[in-house]
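Structures given as structure tokens follow.
Presented sequentially are two complexes of chain A, the first with chain B as partner and the second with chain C.
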Partner chain A sequence: MNVQVSRRGLLKGIGVGLAGGTLGALGFGDLQPAAAAAVRPFKLAQMRETRNTCPYCSVSCGVILYSLGDRSKNAKSAVMHVEGDPDHPVNRGTLCPKGSSLLDFVRSETRTKYPMYRAPGTAEFKRVSWDFALDRITKLLKEDRDKNFVAKNGDLTVNRWTTTGFLGASATTNETAWLTYKTVRSMGALVFDNQARV
Partner chain B sequence: MARFFKRTPAPSGAGESASEAQPRDIQPDPDRIGISGSVPFVRLPDPSRLFADRAKRFAALAPEHPLGAYLDFLARLAQAQAKVQAEHPFTPALPEDGALRLEHGMPALPRNVVTDDPSCLACIDAVLAVVDLDGAPAATLAALDALRAMTSEERLDLAGQIFEGAIPVERMAECVFVAAGLQVYLAACAAVLDAKALKPVADGVCPCCGGAPTASLIVNWTPADKARYLSCSQCATLWNHVRIRCTACGSGEGVSYYGLDEVSKDVQVETCTACHSYLKHLHQHRDAALDPIADDVASYGLDLKIAEEGFRKAGLNLLFVG
Partner chain C sequence: MADYSSLDIRQRSASTETAPAIRHHEEVAKLIDVSKCIGCKACQAACEEWNDLRDDVGVNVGVYDNPHDLTAKSWTLMRFTEYENPETNNLEWLIRKDGCMHCSEPGCLKACPSPGAIVQYSNGIVDFVEDHCIGCGYCVKGCPFNIPRISKADNKAYKCTLCSDRVAVGQAPACAKACPTGAIMFGTKDAMIEQAHDRVEDLKSRGFDHAGLYDPKGVGGTHVMYVLHHNDKPHLYNGLPDDPKISPLVAFWKGGAKMFGLATMGFAAVAGFFHYVTAGPNEVVPEEEEEAIDLKEGREHRGSGDDRPSA
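Entry: the complex of A and B
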């Protein structure tokens, strides 16, 4: 309805020229400076609402994250509140006790925010780069697959790899799920499940 | 609150009141636990309460408000609307091609209900007759006199122009009174429509009369708790619009909410950086007294602030075109 907006914009432009639109036309134009003065000391507070999916279980409830701060400027954003999404067909605005506590989940000090690595023989986790993490996972997968891959069961070709498992996440889309399935199955992995089924 | 338990039918002869049902008679009814799968698309106005409640809201907002005198004037206008609604009952002449209009995605009420139905002009004239303008500025009284001096065709023509969203700039003052009468008429028309038959027309267009929204409300009634409804500027119909989506252009990107926290946290504006427009966003689930039209006027300071940020108003308030 952009036509409607531009038409209103025109109307507004004309109205301003006419000393405050209806206010001016009805003889209340002298109230406008007072109305402007009343809000002059205040600052506009910006809040954003963002749709997301609850990460806990397979029901995949829709949530709305309320955050302060404008992502496009240098201000620091912070999630202030989490609530069920009333438009989401799965939960219609409701959340279970776990979902209701998502704000604590977001703000938790122990939440994993980046890849962590505890080297063999050391006592604590250290932050590592994504490259390091992905390389290491790939290397370990390859090692394990090379060692344990079963190509034949007697004369029968089976091409299976049962010593490593894979679990998909609950909020995956159809496309992600399709890719996950193709990737994992193409390696011969049989131990494969998805949180969205649990 | 939804009923979570269904009761067995009371034995014959027993009283009907729920207090006499014994706990052992209450059977679990899992089907009714929780919420309904969808929210109603429209909520039609209840004219018998609409204008009286609005008049009370205007009167409650007026004291110590910078626009107090104007709010007081609108309180009197809303009282006149309530009085006309209560004292001039009529049967709206709905169009015969209503089903055809809905089938083709058009609003249920066409322009000719305004121009052809004599009840519409009767509503406008009744508002002009009963409105009490004691102490109003000379310009307001002059506008009322000018309207009374007009022929009925001219008044009806003005109503038609308002219905089309083309408010004549040189007649803005007169338009407030005509719009007040038009609201009484259109609310009565909308109230008798079949809510289940109405379908979405377009983003930001009322499914009943094709009008623009005044404000967006986060409502608190049971089947649609915290869903968002747009309130029509003309017929006061509420229709559902998905949250966090611009009401003017339909974009979901760049939607933000601004408010003056020192004034009220329940009144915000929803802004869109795709079309640079905004609409008032009222949290009725926190404050049930919020009225789309009254609180749009009362939060005029927020309009001034958000205009400084470069946003244009996408909503329309026929009693306060600015």
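Entry: the complex of A and C
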């Protein structure tokens, strides 16, 4: 439908519009709603905090995992943010670039969450149970140790086992580190390192 | 919804409203001690993580700067400069954390034409309110430090907020909290100036005679300050302006040109009003209307004594 606007009417309309705009520009317009909340709401306000240790290196910085949900029955938890633990004596809240991006590490698709097994001759890793993994590791360790253990070097008793190595983790307490050391050395293993060298 | 915010607004872009002025707020500042920075980029990672940003994976152009420049999703960036000091013959690796300086007299805010798109809180933080942003890019031109970036995704301007959401609830910005060497400190502006003086004294005792605090007066001081070993030559640090000032174009456009434009509009309005009162509107009588219709349809004028020129 065509609206009939006379030339005069059109000019009048334009004039009124211009005048209105001018009044606005001169500061007579509506005051903007008073300083509406421009600041982003603080996203951690009610998140659950869990203390943990950064898994990357042997510095073992303390971190706080902030997670969704209050652990009530129907709320599924999820890590939403990771930040340094200010009460941890090692890092006192600071983190390196790797620690600062732990959230993406936690959420990474390729993160190993359970034992994976690639059988000889196959191309794919398959999820297996802890029982299967531990049994298999134990069996292979024993086979290798029985075959390659060196008890004597000439007349000298050496009790060494050099064909299998052990790699420790960084996020261990003194107690677990002590246990790891005793376990590995008691079998005679010499190849022993930590995943984290700084 | 309550946002736990405890910040008043001191200035708003393109607004004439006066801010609440009776409360006194302590000004905050971030102090970046360039002499302590090892360029690890923990601040960059922490910034992206806190602000829920993930910039695109870039390409290596042969320098450590990664990404190459600030983007709408990378609000802070380590800029690396190799400087051969002619006085000592030493190669110095100057690493500056670039990002918004949160000027006391922000060029972006002065240049912004959209009411409330840029605000300055009473603690000194300058924040972009993307809801009100019209994506014109004036803030980019207005900034003496070349910081704001317009997003290709939503055509809105983005930059460091100094983690206003964290500061509002009494926490340090994410970059400052993360920094493993303590090169980024956060506190009241007074405390940061004091801290800087201690550092400058220390640097001077180590042979950096021109060490100093970068808190440029040309923009009224900043709420992100640097401790520089060569404060006499800030440009060494990847082009940090020696004497940053708001572009005279902004002053002309937002000062002279704007005033002139408004005066012209005001004059036109006043003149129009008086013309209306004194001369009145140009009335059209029904006869003129009929004449016009006749003319349009090509009919002869009906002869009459009071012939007028056709409208």
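We adopt the following convention: the second predicted complex is superposed on the first by the 147 of 198 C-alpha atoms of A that agree within 3 Å, B and C clash if a C-alpha of one lies under 4 Å from a C-alpha of the other, contacts with A are read in each partner's own complex, and residues count from 1 in each chain.
Basically, contacts are C-beta pairs under 8 Å (C-beta built on N, C-alpha and C of every residue); 3 or more make two chains touch, one makes a residue touch a chain.
Every value quoted in this text rests on a predicted model; they were computed, and no experiment measured them.
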item	value
Chain B versus chain C as contact partner of A:R51, first or second or both or neither	first
Partner chain in contact with A:G93 - chain B first, chain C second, else both or neither	both
Touched partner set for A:V39, first chain B, second chain C, both or neither	both
Which superposed partner A:L156 touches (first chain B, second chain C, both, neither)	neither
Contacts of A:I64 with chain B and chain C, given as first, second, both or neither	first
First (chain B), second (chain C), both or neither touched by A:S101	second
Per-residue contact with chain A, leading partner among chain C and chain B	B
Which of chain B and chain C A:A123 touches, first, second, both or neither	neither
Chain B and chain C contact sites that coincide on chain A, given as residue numbers	8, 15, 22-23, 25-27, 31, 35-39, 42-43, 45, 83-84, 93-94
Complex contact set, residues of chain A against chain B	1-2, 4-5, 7-9, 11-12, 14-16, 18, 20-23, 25-28, 31, 34-39, 42-51, 64, 70, 83-87, 89, 92-94
Of all residues in chain C, those that touch chain A in their complex	1, 3-5, 7-9, 12, 15-17, 40-46, 48-50, 54, 115-116, 119, 121, 127, 129, 161, 164-166, 168-169, 174, 177-180, 182, 261-262, 265-266, 268-269, 272, 284
Complex interface listing, chain A residues touching chain C	8, 15, 19, 22-23, 25-27, 31-32, 35-43, 45, 81-84, 91, 93-101, 103-104
Residues of chain B that touch chain A when the two form their complex	34-39, 66-70, 73, 136-140, 143, 165, 167, 169, 172-173, 175-176, 202-205, 212, 224-228, 242-244, 248-250, 255-263, 268, 275, 277, 300-302, 304-306, 309, 312-314, 316, 319-322
